[in-house]
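Look at the two complexes coming up: chain A is in both, with chain B in one and chain C in the other.
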Partner chain A sequence: MNSNETKPKHPLLEKIEPSLIAVACGLLVGLVVMMIFNIQESFAGFFTMLVGAFNQGSRSIGNMFYMATPIILTGLSVGFAFKTGLFNIGAAGQMVIGAYTAIHIGVLWNLPAPLHWIIAILCGTLAGAIWGLIPGVLKALSNVNEVVATIMMNFIGMYLVMYMIKANVLNPLDSRSLNVQSTALLPTWGLDKIFPGSAINIGIIVALLAVVVIHIILNKTTLGYQLKATGYNKEGSTYAGINTKRNIIISMSIAGALAGLAGALYYLKLGNHLTTSSGLLPQGFDGISVALLGLSEPIGALIAGLFLSYIRQGGFYMQLYDFKPEIIDIIISTIIYFSALAVVLQTVFHKQIKKMKEKKRKTPNEEEVSS
Partner chain B sequence: MNIVYDLFHLSLISAVPLLVVAIGAMISERSGVVNIALEGLMLMGAFIGIAVIKTLEDSGTSMSIQWILLIGIIVGGVVGGVFALLHAYAAISMKSNQIISATALNLFAPAFAIFTARTIQNGQQIPFTSVFKMSEIPLLSKIPFIGDLFFKDIFLSFYVGIFILIFVYFFIYKTRFGLRLRSCGENPHAADSLGINIYKMRYIAVCLSGVLAGMGGVMFVTSTSTEFNASVAGYGFLALAVLIFGNWKPFRIMFAALFFGFMRTIAAAHGMIPFLENLRIPGEFYNMIPYITTLIVLSFASRKSQAPKAAGQVYDQGRR
Partner chain C sequence: MDYIIEMNNICKQFGTLKANDDVTIQVKKGEIHALLGENGAGKSTLMSVLFGLYQPDSGEILIKGEKVLINNPNDANKLGIGMVHQHFKLVEAFTALENIVLGAEDTKYGFLTLDKAREKVLELSKLYKLEVKPDELISDISVGMQQRVEILKMLYRDAEILIFDEPTAVLTPQEIEELMNIIRKFAKEGKSIILITHKLNEIKAVADRCTVLRKGKYIGTVEVSKTSTEKMAEMMVGRKVSFTVDKKPKTPGDVILKVENLTVLNKAKNKELVKHATFEVRAGEIVGLAGIEGNGQTELVHAITGLRPFSEGSIAISGVDVTKDTVRDKYEKGLGHIPEDRQKHGLILDYNLAENLILQSYYLPEFQKHGFLKFDNIYIHAQNLIERFDIRSASGAKSSARSMSGGNQQKAIIAREISRDPKLLIAVQPTRGLDVGAIEYIHKQIIRQRDEDKGVFMVSLELDEIMDVSDRILVMYEGEIVAELDPKQTTINELGLYMSGSKGGKHNEQQ
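And then the complex of A and B:
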């Protein structure tokens, strides 16, 4: 028993414990809110939210992957910038610019099949990178607060895209973008056989690749090391000879590229259109949730993106019980709030346990071991 | 001449909510807590404030329209203040990341507003019918020029905003409490060693910023729209830009707010100006103006910015 207590916890468990605490607290608050509004059906509704994503078997799972694709990528985008100490709330703008560029190429250019969608994706990613580059440059050269700058870029991007749709690719009947040509649609590579009837395509595979690439950049390359160092201590890194200004620009560009990729992948799909009246894309803001929930880690973004997509699917079916799907956003924001507290809650929790144990034992040499 | 007058008048109207919210943000940052939850705080204040206004309207009360508006603004302020306590608790007591907790509030507010409104009344919009604009203030409107500008076709919010500006200026610069509050944002350890309770001061400051943001939310919706639709159009973040451009000082914030108000007026009323109308630039580009000018202005203003030194830093008594 003695050895069991002094043994350190598994490092992974230690790391994700705050997130788990936060998720539990968020779900609890969600349940309480539901009980306040409709106590009779609150438990049934809550249960539907938790398992509703499996309502239609493999079709639902395929849709979950499809809906997770953009938010995993925007989550990666926000998380990656966060690692460099930058808060990118401009994923919505970067995504819409990437989406428009991909749609523009998909509608207006004439190219053979694999080349067409590949170029559309690449150009969308590039456009997103440029949209992220601008606040990065402003931050690096004139110290402009990146929170304000990225929000401003969101609105500029939104209005720019509204204009570009009207000018170039308008379907006037529905006041939205035209369908992209069939050669520009993302292929499915048989994924639709595994998840019949769902909207899944290779977008999820590209997203997985992006997770791996970002993980490698952050953990295995000099660039990643420098970026993280800049995030930990900007002055210290400058002193150590790291070009922090360059790193801020690179970091924001990569973050923008990821969000642009999210837009390209999501909209190179039959039946998805940008409209001339749409506001800021919600996936951009989901990206913030995903990144914070995933502790800004690439793998974390993958898990959190799937989780958010899963619970949103459940939230959709929750409408059967007359609960509005926005309850999901209440729960998610509560989870983020608690995740801000959770690290502290965890240490308080552990200190309390330690104190109790020490009181129980009261052996002097035990203290040396624990400290 | 008439157009110039109209533009200036409209700029005043759209500058007031920005001014009030930015002043709130200033109080918070001066105490050392960064508050990017303004958008969410505005939204919460506007949501409950407008709901109260609508309820009062529907109840057929004999209260005058301006009283209803004033009650709405006060309710918005109270709601904003209470909601801001969540941020204060996370940022001050729990020493957590101020950006994350504020973001949580920003995400929570629209979700809560839409969920509640849709659950209760089958639609997320909350329309109100009163026209809060006052056509004329008796006597004062007779003053040449000034009367036309400040006492005709004006909202009660305008006077509330001016009152807040002057009040906060004296509060921050001329009282002992204000001096203590500023010291918390510049050098909290020194302030603490002089017996100032940093945690208490910061709680008060964040709560006040919530009050002002909530009031600003109600002012924004009542002066620009006829319904609340779960959004304040990024005004909370614009207010943050106003704060930076105003260099954390009340009267400079006022000029910054006027500037941004003017830009928004150009964006909204470009059709009114014959010169701009003749250029035939698509409306979307005018809509971008406030945001683009924000970026340009900030890129000049941020270089020599004098942000409070301890803003955004967690205060830990044990650390020196």
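And then the complex of A and C:
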């Protein structure tokens, strides 16, 4: 696809190439699926999906940022844990716990404006951190597989939150949480003027800050040095005298905090409620996709989160053409499948291209070519 | 031309690496033909081509004068080619007999019948004095016997061409002697043998002719009886090699490492892997620990360095008790550790060279401030070590450790450990898998540490290394330190007797 072999490639291009291949293949398969369902309108629908996010100008872009906020953060959470050698499948649970904590404070506490939402965010983040810490401790102390532990924590978190809503903040009319007080709503700081009519608030700015902070932690600090060393090679880190157990706990706590932050930011918003009947939060699992597509890098999570949100927005408008927006989830899932396969695909492409080139050149001077 | 095997102009390339570049080897019927070369010279690749594991890019193979295509090991078996791999290919949970027949089983109505096979195996085992216990599980028999099972596997399939890949690496000197006799007997019976090795004395002892490879290229074939060891070494390395290690006598000083009554249990806690080890290492001496692989040396070192818990005993470095210390505490008290497995323990392969050179010291004020790494200092530090220790890599301090050659990875580890100026240096198989040039260099570095009054504890499976470098030798057998010897007053033979448990140790006293 996107491979231009002859010249030595820019290292960045080489790094993101698998993701680009995955996206291209995913879109292609999406187009094929759309053609199967409705061939006449498939191209128009596909086109709408690609540009739909700009359908209503700045309003759509604002919404894209708003929808991207939680999945950038859960993507950051999963990616950060992965960089340090851990699979955090528990972003959904950490997020819901963070969300509930923020809602609880937002509904029941009485505080003045900036303090209220700041405390709600901080407590939500902390609650997420605790939800990540528990599987971290289990892993560090008795080597409980963190995949299993975090999945279980997802369900414990989900049911615990349902119970807590019913016990504390239930709006009996529609069996969901009460509206948070206006002092606890995230401000917009003028962003709503730039993107008029959109749902945007400062959540996206907080998410951007989180991306920068995590990037610095991973690449510039001794903490990141230790955490990555543990992730790359646990035995080697033990040999180096690094406390790998402590690192597992720290890493899972930070991952949990990021997901908790996602929950707090998303639900400190007028019109967003936790319900007593909803399942696991989808943004938690989107985080896995975002991290995969973003190659577990903080900047990658930012780009992948925006992309996913962008294409979802477009998918929404596809309904104009008799397509259900679920088709977007098919495409996104395909992209994720391909990003898992991307490295394989990349080598296959490279081999094919090399073969073709060799055939072309075979005749003149074989020995020089092969050297 | 009565060659039984001819491999002519074989080329095999992996990526950009030419593992075999126009290599030719011709083996006569009934001869013992040695294949000599350093690690990475392409010996194993060439034999894998002959055994059907790889397909050559170009070149031809002739067996008994006929051109053949060998697509897989089954084809090789049909042509009468058998191979004993360096790492045995045996099923641990099967008995010796089951392993021998595996892939060539007799069946009756679809059921396995072993009676005929047992007869044949026992007959072969008697004929060649290859003692095996056919009904013991592989996991319960010694390494020497496992090798005999592998040999019987070839004979059971009526192999005429026998390939041995570094067969002596896991054996004691006495077992090596036995194996050499068996190999001689095979040759006398008219079987043809290819012996892959980098040990010159073994070639001198048994081989008729010797083909030398270097960096994938064919260097030449010589008559062993008419060629000196020095000449063969020169062909192998490409330059003159000194075999002697320069070492001035030195009187040991204070005790640097004191290990008392150290016992290490296995994971299930029902077997002692190290049994009450007690010894000392003094300043200015190199203590060598000899032993056959898997007799508790690794566990002993891991316990001392803190990579593994132990159940009993105490450890002191320079008189300070470090029994309960963490790995980092031990480093701070003067431990340097060149680990056995440089890729698993010694390096973080995904980090670059500079990052690897601060693995134990990244948290010191020299390399960090308020938790932020000082990259300038880190790269200056790396540059210093690269120059001082001549570490070569594609892009200097920024090269990823993974991309470096084994020898340079090892140099990087040695540079890091020595530059931390430890009082005690523990070096485990410091030259494993390295070429002769790198080995010389590493021995020099280790001896220099001793000359600077450091205590050095060296574990090695290579007896020559133990004999040449050590000032004092300890021998370990089944987790027990069974002997303490002076290299000037002992022989490789005596060492071998201790290593195989036939001399010294508690179990012999009791008898």
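Annotations for the structure displayed:
Rule of thumb we're sticking to: the second predicted complex is superposed on the first by the 339 of 371 C-alpha atoms of A that agree within 3 Å, B and C clash if a C-alpha of one lies under 4 Å from a C-alpha of the other, contacts with A are read in each partner's own complex, and residues count from 1 in each chain.
Just so it is clear, a residue touches a chain if its C-beta (ideal position, glycine included) is under 8 Å from a C-beta of that chain, and two chains touch if they have at least 3 such contacts.
Quick caveat: nothing in here was measured; it's all calculated off a predicted structure.
Of the two partner chains, chain C is the only one touched by A:Ala240; chain B is not.
Shared-chain residue A:Phe285: touches chain B; no touch with chain C. When chain A is checked against chain B and against chain C, the one touching more of its residues turns out to be B. Once the two complexes are laid over each other on the shared chain, residue contacts for A:Tyr232 go to chain C alone; chain B is not touched.
Legend: residue contacts after superposition of the two complexes on their common chain; A:Lys324 is shown touching chain B, with no touch to chain C.
With both structures placed on the common chain, the touch criterion links A:Met162 to chain B but leaves chain C unconnected. In the superposition on chain A, contact is made by A:Thr221 with chain C only, not with chain B. In the superposition on chain A, none of the residues of chain A is touched both by chain B in one structure and by chain C in the other. Note for the complex: chain B touches chain A at residues 36, 86, 90, 94-97, 99-101, 103-105, 107-108, 110-112, 114-115, 118-119, 231, 234, 237, 240-241, 244, 282, 284-285, 287-288, 291-292, 294-295, 298-300, 302-303, 305. Of all the residues in chain A, the ones that touch chain C in their complex are 220-223, 225-226, 228-229, 232-233, 235-243, 370. Partner chain A is touched in their complex by these residues of chain C: 13, 305-307, 326-328, 330-331, 337, 339, 344-351, 355, 359-360, 362-363, 368, 371-373.
Touching chain B in their complex are the following residues of chain A: 33, 37, 87, 89, 134, 138, 141-145, 147-149, 151-156, 159-160, 162-163, 166-167, 279, 285, 288-289, 292, 323-324, 326-330, 332-334, 336-337, 339-341, 343-345.
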